[in-house]
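Read the structure below first, then the notes.
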């Protein structure tokens, strides 16, 4: 059980966030650049002092500002993988990986043996006696990961551990990581920028924006009911906020959306890009929401194309490359947009 | 026009690669960790000396080992964004961004004005007078990007410029980058680990493995006809190599695959995971390729699940979460695999 | 960064060291003849010595920076043959008893020295008994301190920042001025302070090479030495003046130093 | 890294500096009485002075490291009130003319000094005119060099490595020993060499505080000075011996220094 | 044979430390050796330094048995501090001489020649005895000159002349004698002479006062005086 209530001010950042994580749980912290994710991690690790709040891990109080408790970083059973790796330049790769063991009193020979096992697992055995300086970016990050995993902390804090890994290695390391993380009952808090990764790894997502937790829940909670534009962008859906009355949603921009759901009050309206249809001419028939727009950009994503359309409502549609050809869509071109009322899901804001 | 033939030895890396890029082209360099991508970039930038080969840019010889030509890094019209950012810690963010202009004789006032414009564009105006130390990881990387873009080099080398950006910013910065890159006729060589990104940005992909170029071509060339396991993994397809005779492909592992295409000789056989069907019992009917396996892992990817199956042939299948439920698939469980002969595309090795 | 709570052994060691340095200085202050202080210190000889000391120590520090930084750069960056031996030889003036250093300077640049006559013949430069000689003596004993410190700084800095600057179009000089120098700032500052301090306290080489002429080559330490022979109280007073000046300079410069660091 | 081609102005400045340092040393070598060298240097007084110098300089360097590194750490890391003033005061021994430093030490630790009687009364320690006094004199003048250099090193190191070590479970001491010390290696080495060199060449404070007793406090520089009174050739020879020792030590240590950097 | 002055030869055995002015280095080293040869068991250690340094050391508790100063004011400091056993005796004098380069290339014959233009003259600083005496001597001769340097001690004057840095300097006869062939001495006329006086005393804190007095007595004896004369010292 990790319970962290962290309040502090650092430069322009006012961090005021609560993070809870249960044993066995993998919590993924997501948020835009500068949201304070790294700072929150550092506070939990004991590297940045709190101004308010408390941190407890498995019942042990690590920080309690009110009672003046502060356990120093080195006495917290917490492993950290830093965003900038921070491998010791004067030690070999194996010494780096063995450092945590040595610090815990394991003798040189055993520490080295265990380090070598870890390097093996990360396919870095050949670099055991190299200096970190001679590693590539991705290799360095894998060493940092191995270093934090090599002793077994009860809480692992990982700051974008997979960012510098190439796509092919990433899958494997992620599986390795998942496997290893699964093999002990510790708590894992992980920062990643990759929403796919977040969804794949997370038991629970915590979304941090400007120092505050704006949403938390299981990946499917969060992806199905995003509550901020940032999360919506992340998940790749269109999100609007407004006031609903008998199926008619008045948006802040002044436009309205017709939905099939009956929910009154302040609501979010979510539209999946797949549900947004594009037409060359004003469409006939059932869709209740129809407006004219202008394509702002086209983005190939895998085997689909995301089309951002400006207009009365700015919205993103997802279509097939074939549709692009059929519609003769181009940047800046005119287009009609339609969304069926049944495709708009509505939930309380 | 960039033409780089780079031969050199650095530690365990033997780099021997040729890279060509035309004006206006965006070349994306992809390759596993430690393949030598950064080293190749450094060689082109003039930071790592060549042992063999030459580098010419727009007709100007920058390096020619045979003739003893070496233009120093500072006289190459090349901008570099480093993987580790390398922002000057003793300068403010604005000074960092203005550095290239100052080095080219622009006075302090104008350099600052231009730097501020750039910072504005990257939504970093508030940090103009901050020190890099106080930036978050993603902010630092955006500053590094702005710094390399602020003067207009004829060749831009970007080493994973978007890796530390959060997903929401990434889309925008990528669009910005694309837009800016499009606005001048320079050449752009970019390293990224994100295959989606590579495909979205690249006019041409160059795949580097163990210091050698193993494949090059347009994104669709490469994704449709991968030539190494690394590329196949990247693209997310199954790739087998074998000898074909009248539709029957004998793989190196001893198994065979039946394909609908008639192509004899050394071939690659490519199977899209979507084309791999999974069954609880031996399937009846048309599929020519049927075998039994055991699920190794399950990976949720967006709204689909990738299932890795070990067996006579190790293969990855892509199914819906519903199918997982129906099949009662679990890690280590038994499963039948079938692939239709028509779903196997074959091309010369 | 967490503010550090210093471990006890460190506190004890540091406290012992501080006490060891402060007690003698307290002793000096206690024994100084404060009653006549103002009178003693405003005597023309004292003021002249102060002026000479200022000129000599500042000039030799400037020389040390101008010649010492390139030398340190060469040692840290260019692997020329015999580097280790040359470096060791140019470090020796630190070790040489200063009086012997002065004798060596006389052998080299004196009226009857190795190249003194050459300098005189070619350029009409006569060093002996001039302020320039005092500057050179101070430079000779103090520059190696700067060289060693700056070299250490250059060796521990991250050179990739220089590479980044080069790719941004900065030539050697710009890289050096705008990237290397600021990055080794603390070391350069420390080196310059060391050299300045050593130059300010210098007397053995100065008296031997440049002589002791009030207003020309008589620096404060020489004035102290001379006074020590007959009027030790005055010597103490002059020493305290020297200390006060250095203390003020050190505390004042500190600000700048801290900003660099 | 590209091997650097040094820019011309750097070469010129460095060459002038090297020449300036080497010519006097060449002068010393040229004028030394090589014919009687062996005989002079193996006289018992010379050997005794050599032994005393070795013991004194090594002991004072060890003291400088043991007390100077904590002090530098305190100055670089702990913002205690009055830090700048204390630091300036403990830097002063570098500037004080050594003879005055010796007088100050006598005032403090002499038999009739401020705390000399206390030491004598409490512990029966009498410092003056013992080898320990010579060690303390050398420590007094040389330790500030180490402190300043190490502090500069500590200030320019990247402290996040220490944070990483702490998260790996390393306590203060381990962090200090396994991370901080190796990272400031070049500075610590440079500081120790500076302090050793200053201690080896020390004479003014030693002769005043510890006296000039052959075999006890007469170090090589004191022997040089004594010889200079009557037999300057012997003094030269002894100086060259001092130089040779230092040169050998400096070149030999270089290897280790380079590995650290 | 030396007069031991106190009864009982056995009490003469032991070690004493003699603090002596630098200019006595050669003479006392020799005298010490002779004395040790004559008094079995005697062991003399010398601490040579400038008279003022030695006086400071002694007044701050340095373990001296005998103090031989190159001038009277420094001895007086020790006397004033009541650290002297009995009263000091002057055991030697030292005449002034002009030191010039070997062979006297500038042909300097008298004090008056020092004022010739183009002659670089250096003196000891007026705060040290040799410098004070030199000024007195020049005054007596009615010569006024501006020295190129006021050296911290007489030895520095000698060295600069020996190294050719200065053309002439006023030093003690004993310095010219110990310098051997490195300089030539030019005598100063008797009427312009100023003579330095060297007092010696046993300290109150002497651990072996008998032996200390014995050494002082030896220096004052005719044997001692003869030995000192060999180094250029005159009788007091």
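Going by the order they are written in, the chains are A, B, C, D and E; count residues from 1 in each one.
Here is the rule we use: a contact is a pair of C-beta atoms (placed from the backbone, for glycine too) under 8 Å apart; a residue touches a chain by one contact, two chains touch by 3 or more.
Fair warning: this is a prediction, and the values are worked out from it, not measured in the lab.
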Inset, instruction - Write down the pair of chains with the top C-beta contact pair count. - result: C-D
Legend entry - Chain whose Cα centroid lies at the greatest distance from that of subunit B: E
Inset, instruction - Could you grab the centroid distance between subunit C and subunit E? Build each centroid from C-alpha atoms only and quote it in angstrom. - result: 35
Inset, instruction - Averaged over CA atoms, how far is the centre of subunit D from the centre of subunit E? Could you give it in whole Å? - result: 34
Inset, instruction - Round to the nearest whole Å and give the separation of the Cα centres of subunit B and subunit D. - result: 56
Inset, instruction - Mind checking the centre-to-centre distance between subunit A and subunit B? Centres are C-alpha means, answer in whole Å. - result: 22
Inset, instruction - Specify, in ascending order, the residues of subunit E that touch 2 or more different other chains. - result: 53, 56, 159
Legend entry - subunit A residues counted as touching two or more neighbouring chains: 46-47, 72-73, 84
Inset, instruction - List, in ascending order, every residue of subunit D touching at least 2 other chains. - result: 1, 3, 99, 103, 107, 113, 163, 172, 183, 185, 228, 232
Inset, instruction - Spell out the residues on subunit D that touch subunit C in their complex, using ranges where they run on. - result: 1, 3-4, 6-7, 9-11, 13-14, 16-18, 20-28, 30-31, 66-68, 70-71, 73-74, 77-79, 84-101, 103-105, 107-109, 113-115, 136, 139-140, 143-145, 148-149, 151-153, 155-157, 159, 163, 172-173, 183-187, 189-190, 193-194, 197-198, 200-201, 203-204, 220-221, 224-225, 228, 232, 235-236, 239, 242-243, 246-247, 250-251, 254, 261
Inset, instruction - Quick one: which bits of subunit D touch subunit E in the complex? Just the residue numbers, please. - result: 99, 103, 106-107, 110-113, 116, 128-129, 207-208, 211-214, 226, 228-230, 232
Legend entry - Parts of subunit E lying in touch with subunit D, wherever the complex brings them together: 17, 22-23, 25-26, 45-49, 53, 56-57, 59-63, 155, 159, 162, 178, 182
Legend entry - Residues of subunit E defined as touching subunit C within the complex: 50, 52-53, 56, 73, 120, 122, 125, 127-128, 147-152, 156, 159-160, 163-165
Legend entry - Residues on subunit B engaged by subunit A in the complex (per definition of touch): 10-12, 30-35, 37-38, 83-84, 126, 130, 134-139, 142, 159-160, 163-171, 175, 193-196, 199-200, 230, 233-234, 297, 299-302
